[in-house]
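Letters A, B, C, D, E and F name the chains as they come in the text, with residue numbers starting at 1 for each one.
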Amino acid sequence: MGIAESRRIGRAAILLALADDNGMDTVFPASWKYCCGRVGSMNSQKIVAALETAAKSGHMIQQGVYRETHALYHAIMEALYGVTRGQVQLGDVLRTVGLRFAIVRGNPYESEGEGEWIAVALYGTIGAPVKGLEHEAVGLGINHI
Amino acid sequence: MGIAESRRIGRAAILLALADDNGMDTVFPASWKYCCGRVGSMNSQKIVAALETAAKSGHMIQQGVYRETHALYHAIMEALYGVTRGQVQLGDVLRTVGLRFAIVRGNPYESEGEGEWIAVALYGTIGAPVKGLEHEAVGLGINHI
Amino acid sequence: MGIAESRRIGRAAILLALADDNGMDTVFPASWKYCCGRVGSMNSQKIVAALETAAKSGHMIQQGVYRETHALYHAIMEALYGVTRGQVQLGDVLRTVGLRFAIVRGNPYESEGEGEWIAVALYGTIGAPVKGLEHEAVGLGINHI
Amino acid sequence: MGIAESRRIGRAAILLALADDNGMDTVFPASWKYCCGRVGSMNSQKIVAALETAAKSGHMIQQGVYRETHALYHAIMEALYGVTRGQVQLGDVLRTVGLRFAIVRGNPYESEGEGEWIAVALYGTIGAPVKGLEHEAVGLGINHI
Amino acid sequence: MGIAESRRIGRAAILLALADDNGMDTVFPASWKYCCGRVGSMNSQKIVAALETAAKSGHMIQQGVYRETHALYHAIMEALYGVTRGQVQLGDVLRTVGLRFAIVRGNPYESEGEGEWIAVALYGTIGAPVKGLEHEAVGLGINHI
Amino acid sequence: MGIAESRRIGRAAILLALADDNGMDTVFPASWKYCCGRVGSMNSQKIVAALETAAKSGHMIQQGVYRETHALYHAIMEALYGVTRGQVQLGDVLRTVGLRFAIVRGNPYESEGEGEWIAVALYGTIGAPVKGLEHEAVGLGINHI
């Protein structure tokens, strides 16, 4: 019972987001789906939109099924809490992000009955809208789908 | 200017926290200090205390210098935002965490004038106080020290 | 002492907001004032403005008396917490609302000395800016006026 | 597409929580499951525990399936945001709640593919730990399950 | 219209809370009521209780009138946001406060119709539960009463 | 050990922000730097920008050294928590501020080893975007630099 060692979906998503080489060494079950990408903006709406678009075009979620969009949305919001640490705001408090993201879908649990889950990982920089005035940030959101 | 590719302190801290083998492959400058450990509790105060104690006993911060304790404290709090995603509460909302942590201290910037920074990374599980009813969580806090 | 059974102002406001038939069956003292309306937007400012405008044009608050505007404002904000559940943000996190609202003013307490109170109730849907990708949400704010 | 008029799960849950007569007039599909109850405490952990216990003993969720516990937990947390309006804290900020709750499980959408959802509604009073020094509060959390 | 220069109730409360000499030089209308005191704790409940007790014993609010207790409570909570800056938590995140407080009651507006308002000001230190490992903090909450 | 009586940097910053006469009577070490100013907006980004610009043009922080910008930024954000009390939002929730600010830099501690700290104090009004429909607000953020 519990999370299987070789199926830690959050760890896999974070490693993909951290990867410099597209994460080719990250190991997870072949049946899982994933996608990666980059997004930078001081407009938080654009960050959410970029993640949703990537998930849809990467066939991570079924289009037209709201429960899948809903699961993804809350995973994105939870990942943003880690990146923003207090208030989910970017431009409104004069800061911007440059992020690499990974979305992974699969069952991390030993029991088949747990079905599919989705992990959204974000890694990059947050800071003033001036190159170099920034530090790293990470976020991870996980939801059943 | 900016964060040096080989000195991404947040990435290093996260990789250490994710490592199954004590992170021996994580690469960062030899001059940097780091420590790792584990803590599990549904008492958020104990999580903060365990991180502060590890930092002190690992000589990550100077004892008796408040500015170092202050820098560490805010890095810990920022990491907890990523783990808790909304309210920095554990037992009060009937959940518990089991975390592996890493604290890294060094200068991630190309300019020497940026001085030292501290990164606190947390990785583990959060969930109901019942084994297996949990999913993964990650947090990263970074501060100048 | 306490809230009179027949004068539960929050319950009355919620029932009005939920009503499909303009809430004609909702029972409360004849001396109370109330107004209802609808507002939809992904701009949170417009939601606040619509509620303030409805309250003024419905003679729920005295214009030019700041204490009444202040009481209403905080009641609106508290209702928005229930609708947004975490961050009082709509478009900034790529979501929109379609709400029916009710504002009720009266004394819900058995003691006349408690004076007047105001209840702001919101009921509707929140979700992606795509018809159907949404679920219900409710909020209630109550303040002395 | 969208939420079916006769299957508004959040509205049903709120009406059950508001009901003085156990909500016998609330109409929803016969296939849906629901349970109601009462809980009062200034210990937020006890509120969460009471809701989880009621859901399990009322067979609202499958025991031993984490995805169902997870769906319920987040619905409870979202409902608590509405009740607490800012910080999910009770005794820590010297306030207590007396709540009636309803949990409803079913598919509110016109499409069968949306599967089951869960709604947690809370209605009652919040205030100082002194009888009568309190006002009403409402919360609603909705999640796919 | 607006706040009268000589009746800035928040400024008066802050000056009283900052005063080393009991604030004897702080100027405000003779008709206003005020009280001052000190409280230190890592238990946030005790901070709220100390302020409520001081207000009652200093006859700042009418006992047994909930609307006055309610007005005071929200002013206290708003002041605590300034002191805690993010999460209204003390011991739960391993920190403690030592505060001097002032509560002032009066009408700060030029118009008599604005009635009475209450200001709660907090000034002191926040930090680790070790003498000296702390910095200053301030909070101000204002409400109509 | 601890904060020196005559070097309470937060108290000095607040007194400067409260001062009607540019704070000429506020006493602090001659070696400290400070600047004051005014800013009003319903755009939170402009508030942050005005404070950063004032700090730079007043030579409070070294330009091009990110650790100084970072220290200032977090001090500003903490001060904004006190002003906004819950959500760091202005126009998005239909409110505006008119603030006087003070930024002070120096070592408030008895030990020289504590180095320099920065205090950001805000005092003014917050309310509806209508003259007079507003009350006072205060915020203080303190950080090591």
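General observations
Simple rule for what comes next: contacts are C-beta pairs under 8 Å (C-beta built on N, C-alpha and C of every residue); 3 or more make two chains touch, one makes a residue touch a chain.
Quick caveat: nothing in here was measured; it's all calculated off a predicted structure.
Listing every chain that touches chain A and chain C alike gives D, F. Traced through touching neighbours, the fewest hops from chain D to chain E number 1. The chain with its Cα centroid farthest from the Cα centroid of chain A is E.
Of all chains, the one whose Cα centroid sits at the greatest distance from that of chain C is B.
Centroids built from CA atoms put chain D at 29 Å from chain A.
Distance between chain centres (mean CA atoms), chain B to chain D: 35 Å. In chain F, the residues that touch at least two other chains are 66, 70, 86-87, 89, 92, 109, 117, 132, 134-135. Every pair of chains in contact is given here: A-B, A-C, A-D, A-F, B-D, B-E, B-F, C-D, C-E, C-F, D-E, E-F.
The touching residues of chain E, when paired with chain F in their complex, are 1-3, 8-11, 14-15, 18, 78, 81-86, 108-109, 117, 119, 121, 123, 125, 131-132, 134-142.
Taken together, the chain C residues at the contact with chain F in this complex read 44-45, 48-49, 52, 66, 69-70, 73, 77, 80, 87-89, 92. Listing the residues of chain B that touch chain D in their complex gives 86-87, 89, 91-95, 127-128, 132-135. Contacts from chain A toward chain D in the complex involve residues 65-67, 70-71, 74, 109, 111, 113-115, 117, 143-144.
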